[in-house]
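One chain, subunit A, appears in both complexes that follow, with subunit B as partner in the first and subunit C in the second.
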Partner chain A sequence: MKIELNGEAREGVATITEAVAAVTDARRGIAVALNGEVVPRSEWDRPLADGDAVEVLTATQGG
Partner chain B sequence: MSLPPLVEPASELSVDEVRRYSRHLIIPDVAMDGQKRLKNAKVLCVGAGGLGSPALMYLAAAGVGTIGIAEFDTVDESNLQRQIIHGQSDVGRPKAESAADSIREINPYVDVVIHNTVLDNDNVFEIFEQYDLIVDGTDNFATRYMVNDAAVLLGKPYVWGSIYRFDGQASVFWADQGPCYRCLYPEPPPPGMVPSCAEGGVLGVLCASIGSIQVTEAIKLLTGVGDPLVGSLMVYDALEMTYRKIKVRKDPNCAVCGPNATVKELIDYEDFCGSVTDEAAEAVIGSTITARELETWIKEGRDIDLIDVREPAEYEIVRIPGSRLIPKGEIVSGAALADLPTERQAVFYCKAGVRSAEALAAAKAAGLKNAVHVQGGVLGWINQVDPSLPTY
Partner chain C sequence: MEPLKIADKTFTSRLILGTGGAANHARLAEAITASGTELVTVALRRVDPSASGSLLDVIERCGVDLLPNTAGCFTAEQAVRTARLAREAFGTNWIKLEVIGDEDTLLPDPVELLEAAETLVADGFTVLPYTSDDPVLARRLEDVGCAAVMPLAAPIGTGLGIRNPHNMALICEHASVPVICDAGIGTASDAAQAMELGCAGVLLATAVTRAADPALMAAAMRDAVNAGRAARLAGRIPKRHLANASSSFEGMADL
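Let's turn to the complex of A and B:
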């Protein structure tokens, strides 16, 4: 199964939790968008499908 | 999703106001009705810094009738690269006063309200209640979560924006109509993971890109035109020059706006966001020296290994003489543990003392029992030992 993770093709990633782990060690202060829609943390175990685009966003504090 | 206007129209515009706002008045979607709503609107901008500067200036120029400025800081030279509401002659003045003067110069028909105070749990409700809409231009997670929670608890909409280096994000959070900040980011990142603009830098003009989105959204909400960013996160990448919209839903488990909310009043936001990790807070006890003590150690010829844990770009700007660079990330990840001294006493420093505390915790965990860090970092050194060096 191939997905797109932060704009790059990726294999062997089955859930959002695994996708996050592939990008960062952090579990807090990040949001994940699946196909352009943010997925609440409680649904991160949702299985990914072939062709899914996952984007891991980091909170920034600057102003 | 279009929404009804947030504000009722003022009874009339004066002849001078009609002349001033003519370019708005001839836009059919704004017209006289929309401009009268702006005149009647009360908008609070939290922070008169990077985002607050363009936001306040455009809110004023647009004719928002009452503009509040919540800001406690004073203007510093390092602000002027991006905080365009302040000028050279404002250095040292309270930002709220400097910003108020600029607003009055841009548009004398604006009623400016100065809140020259630290926004905190004791005053945030009282201040927010006076306004229809809040624009969040603060620079730290603790205040951002407090602004969110206070807005949710009061049922107020607010326009949120944040910036870092070349990246910006913006949204409208309004729990009555859509998600709040905690629906997007339920918790702040762990302390030290996400640098502030003071630590990591920010492209000055990025403030205008995001601040102007915030004002655009404010005007849309106040006048009821277009589709505001309720339920949408705008993500801007200046290097790629892309704007992308990401949908955000209300999180059914949201701690403050969900059906089973656990946050029903304001909490301790410093504790929630943590300025340093627990490990770092413990590591510094009995292992902290002042910049003056470091100076004495150096003069005495004490056998120390002075390690700067900032980023290379910061090291290039200013450093304590005799130091070498190992960025904090490499120490904390373990990648640079082999570079740490085995015999000599390690002395860590960073810009202000937070990152060095985390490096110290990692070093102690790796067995460097006598390691210490310098309180106040290189800024403390400049302040106490060598004021001729540049600050940043």
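Let's turn to the complex of A and C:
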């Protein structure tokens, strides 16, 4: 199964929890969008499907 | 001086600091502390696995509140999604709403902005929209339930100061929510002028973070906002065309 994680192709990532762990150790200040829609933390264990686009986001400097 | 009230929160400082443009976290922390601010903005971006240190830790150590923004969004849909992600990430329903309409000037897109504001208010957000200095648009944003309006002084990052003081004053006169002057401030006198015109607060980033000495400029902005507010409350003298002697001519010696 191939997904897109923060704009890059990835394989071997089955859930959002795994996707988050693949890019950061942080557990707070993180939000996830699946195919453009926010996924609450309580649903991070739901399985991903082939072609899903996952965005893992956090705070950066900005005005 | 009386505190600034926005929605359910009260702030002693009337300066909101944007964190964009700081050279590093240490310089940013110094600037936040020197500014006396109680509220700082952050953007939401992809996590950078190589990033060292957490911006959230810096903000927490400084003891200030966080105001996420929707910077970089060009449509209402994008901005609404970003706001919802920010709420999930930071556990706040406050959002600095930015919907940009032009890449070169970064001026707001009023149509998309109003639509996004209406959607987010209905979704329970406390919406602080970055808007153009248009009194009619400011009123429309207030009408849809925004907690404040944040007209620009000048385009983001230009440091040009208040390009249309008349419009800024009109917005302040008619608004019944706090007016925060946002973007385009270059130096301390610009911030003071915003307050003298009747703004309830000033939001600025680049003017501090990209100053040669950010902490010193942050302190200057703190003082300018306080001075401008005091001058506004004190009631300035009317401008006159000709001189008006402050020393009486009565009792002049015949020399």
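The rule is short, and it goes like this: the second predicted complex is superposed on the first by the 59 of 63 C-alpha atoms of A that agree within 3 Å, B and C clash if a C-alpha of one lies under 4 Å from a C-alpha of the other, contacts with A are read in each partner's own complex, and residues count from 1 in each chain.
Here is the rule we go by: a residue touches a chain if its C-beta (ideal position, glycine included) is under 8 Å from a C-beta of that chain, and two chains touch if they have at least 3 such contacts.
What you see is a predicted model, and the numbers here were worked out from it, not measured in a lab.
Trainee: Quick check for you: in the superposed arrangement, does A:26 touch first (subunit B), second (subunit C), both or neither?
Mentor: In the superposition, A:26 touches subunit B and subunit C alike.
Trainee: When the two structures are overlaid on chain A, which partner does A:56 contact: first (subunit B), second (subunit C), both, or neither?
Mentor: Second partner only, subunit C.
Trainee: Does subunit C touch more residues of subunit A than subunit B does, or is it the other way round?
Mentor: C
Trainee: Examine A:6 and indicate which partner it touches, taking first as subunit B and second as subunit C; both and neither are also allowed.
Mentor: second
Trainee: Just to be sure I read the superposition right, which of the two partners does A:42 touch: subunit B = first, subunit C = second, or both, or neither?
Mentor: A:42 contacts subunit B only, not subunit C.
Trainee: Both subunit B and subunit C contact which residues of subunit A?
Mentor: 26, 28-31, 33, 36-38, 40-41, 55, 57-63
Trainee: Considering the complex alone, what residue numbers of subunit C touch subunit A?
Mentor: Residues 18-22, 28, 41-49, 54-56, 59, 66, 68-69, 71, 81, 84-86, 88-90, 156, 183, 203-206, 209.
Trainee: Where on subunit A is subunit B touching in the complex?
Mentor: Its residues touching subunit B are 26, 28-31, 33, 36-38, 40-42, 55, 57-63.
Trainee: Using the touch definition from the top, list the residues of subunit A that touch subunit C in their complex.
Mentor: The touching residues are 6-7, 23-24, 26, 28-33, 36-38, 40-41, 55-63.
Trainee: Provide the residue numbers of subunit B that touch subunit A in the complex, in ascending order.
Mentor: 47, 49-52, 136-141, 144, 161-164, 167, 169, 183-190, 193-194, 196-197, 200, 202, 233, 235, 245-249, 251-253
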